[in-house]
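Here it is: the structure, laid out below.
For reference, chains read A, B, C and D in written order, and residue numbers begin at 1 within each chain.
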Amino acid sequence: MPAYIYSRTVRLQDTDAAGILFFANWFIFAHEAYEKMMEDIGIGFARLFETESYIVPIVHAEADYNKPVRVGDEIEVELTVADIGTTSFTVKYILRTTDRQTAGTCRTVHVTMDKRNNKKIPLTDELRQGLSGYLPD
Amino acid sequence: MPAYIYSRTVRLQDTDAAGILFFANWFIFAHEAYEKMMEDIGIGFARLFETESYIVPIVHAEADYNKPVRVGDEIEVELTVADIGTTSFTVKYILRTTDRQTAGTCRTVHVTMDKRNNKKIPLTDELRQGLSGYLPD
Amino acid sequence: MPAYIYSRTVRLQDTDAAGILFFANWFIFAHEAYEKMMEDIGIGFARLFETESYIVPIVHAEADYNKPVRVGDEIEVELTVADIGTTSFTVKYILRTTDRQTAGTCRTVHVTMDKRNNKKIPLTDELRQGLSGYLPD
Amino acid sequence: MPAYIYSRTVRLQDTDAAGILFFANWFIFAHEAYEKMMEDIGIGFARLFETESYIVPIVHAEADYNKPVRVGDEIEVELTVADIGTTSFTVKYILRTTDRQTAGTCRTVHVTMDKRNNKKIPLTDELRQGLSGYLPD
């Protein structure tokens, strides 16, 4: 399957006094995988901020939590692109522990906007092509 | 309307290099409102962690982003309890800027679990009653 | 004494699996107090980023931890300006719990830089005057 | 030189609206390197929290910032143990960009405490021996 794999250890700052990952930090794991994938298709955030005329803000984010994870746990984030529209795209993330169990899932919806006026614009061909490498078969 | 209101300024650590709030931090604003509301109904997290036999982990979280917010913006979080089930409850958050525009919304679903074995248990009467004060009419 | 007082509750995201505040988050408490003080002297970060020609990056930060703080604890941050130099200034923070005990202290050193070339420049008169309101007698 | 090397990319959540790394997050980079080193000497935080009778809280932390770092920058953290005392130890961190320039430095001082009563206790032999592998020659 054309998925992008990103690995990350749960660190102390990711956890809270309940002894497990603080729920909002799931999105940090997901977004790190997304940033790394964007770099690998040649459209890293450094380039986006410095030289591109568009931005890709998130308009929706959601997560489900299947089992608690703790400091030191190794998490594998499996990223796929669920949908590519005219001015938006959706990314899905499955977060697994080393025993291959699903610890959680995330989904983020991104739109492409003109940097100067925050108006929606179509995805560039380069972005569309890069993302399409991670569409499910 | 029986809503709980919580105010919070967007601080530098909430923003990212895009110049606006980092999306995952919306959940921090929401959760701060939730923690404060829980304190006000007498079930703060200090008490939950120290003396109660149950925990209230989040099993689902989602957010929509309507407009960008920036450092220094004052955000009003309007919290309502959307649903109270047998072993779970749902909290909704509307995040507004000072011009009364909706900047975003969040939703978190919580379950009550026995601290010793992580099994779902019914909400205590106290928790049910406290939360019901913020159910819409 | 000419101190600036800022109050903040320890929230779940500030803590870690050790059950206490994650050490790096002390600096977030301190910086929130600093941002609020800067707003009160009329030089908030929104204005700094949008209309000013200078920035005030931190070149040194340090903290001492005297006693652990936990979720729900109310922290009072007492901010004073320890030193105002030609191109830099130093801010000190005492973080107290409600029993008036010192939970920790912080110190941040800031320089004023020209936004265009990152070269050090003298503090503006406005900044110097604003900060001097919080110099110890 | 007996240094421990840890690599980490600057991610969007590490930055703020000034376009550079938020100062407090330097400590997160440093602590991640420390957590990984502790795992490698067999004393990871998962084990510390679950089975050990002692904790290693930070009593002092400081950082110097030499040059700004931005999203996408690769940071190499070089960790050394600067000092091992009877009930405390000091860790130093040099943070470099890929051009081998020093972007910043950190220092953290840790004490060993009995988990039951928060009283200082001597470092265990295992901890002392593990840390001594990263003392400078």
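One rule holds for everything that comes next: a contact is a pair of C-beta atoms (placed from the backbone, for glycine too) under 8 Å apart; a residue touches a chain by one contact, two chains touch by 3 or more.
None of the values given here were measured: they were computed from a predicted structure.
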{"item": "For chain C placed onto chain D, the superposition rotation in degrees, Cα atoms, nearest 5", "value": "180"}
{"item": "From chain D, the most remote chain by mean C-alpha position", "value": "B"}
{"item": "Inter-chain centre distance, chain C versus chain D - centres from mean C-alpha coordinates, in Å", "value": "23"}
{"item": "Where chain B and chain D are represented by their mean Cα positions, the distance between them in whole Å", "value": "33"}
{"item": "Distance between chain centroids, defined by C-alpha means - chain B, chain C (Å)", "value": "27"}
{"item": "Numbers and ranges of chain C residues touching at least 2 other chains", "value": "12-13, 17-20, 24, 28, 31, 45, 49, 70-71"}
{"item": "Contacting residues of chain C [partner chain D, same complex]", "value": "17-18, 20, 23-25, 27-28, 31, 45, 49, 55, 57-65, 68, 108, 118"}
{"item": "Contacting residues of chain A [partner chain D, same complex]", "value": "9, 11-13, 19, 28, 31-32, 35-36, 39, 44-47, 49, 70-73"}
{"item": "Residues on chain D engaged by chain B in the complex (per definition of touch)", "value": "12-13, 15-20, 22, 24, 70-71"}
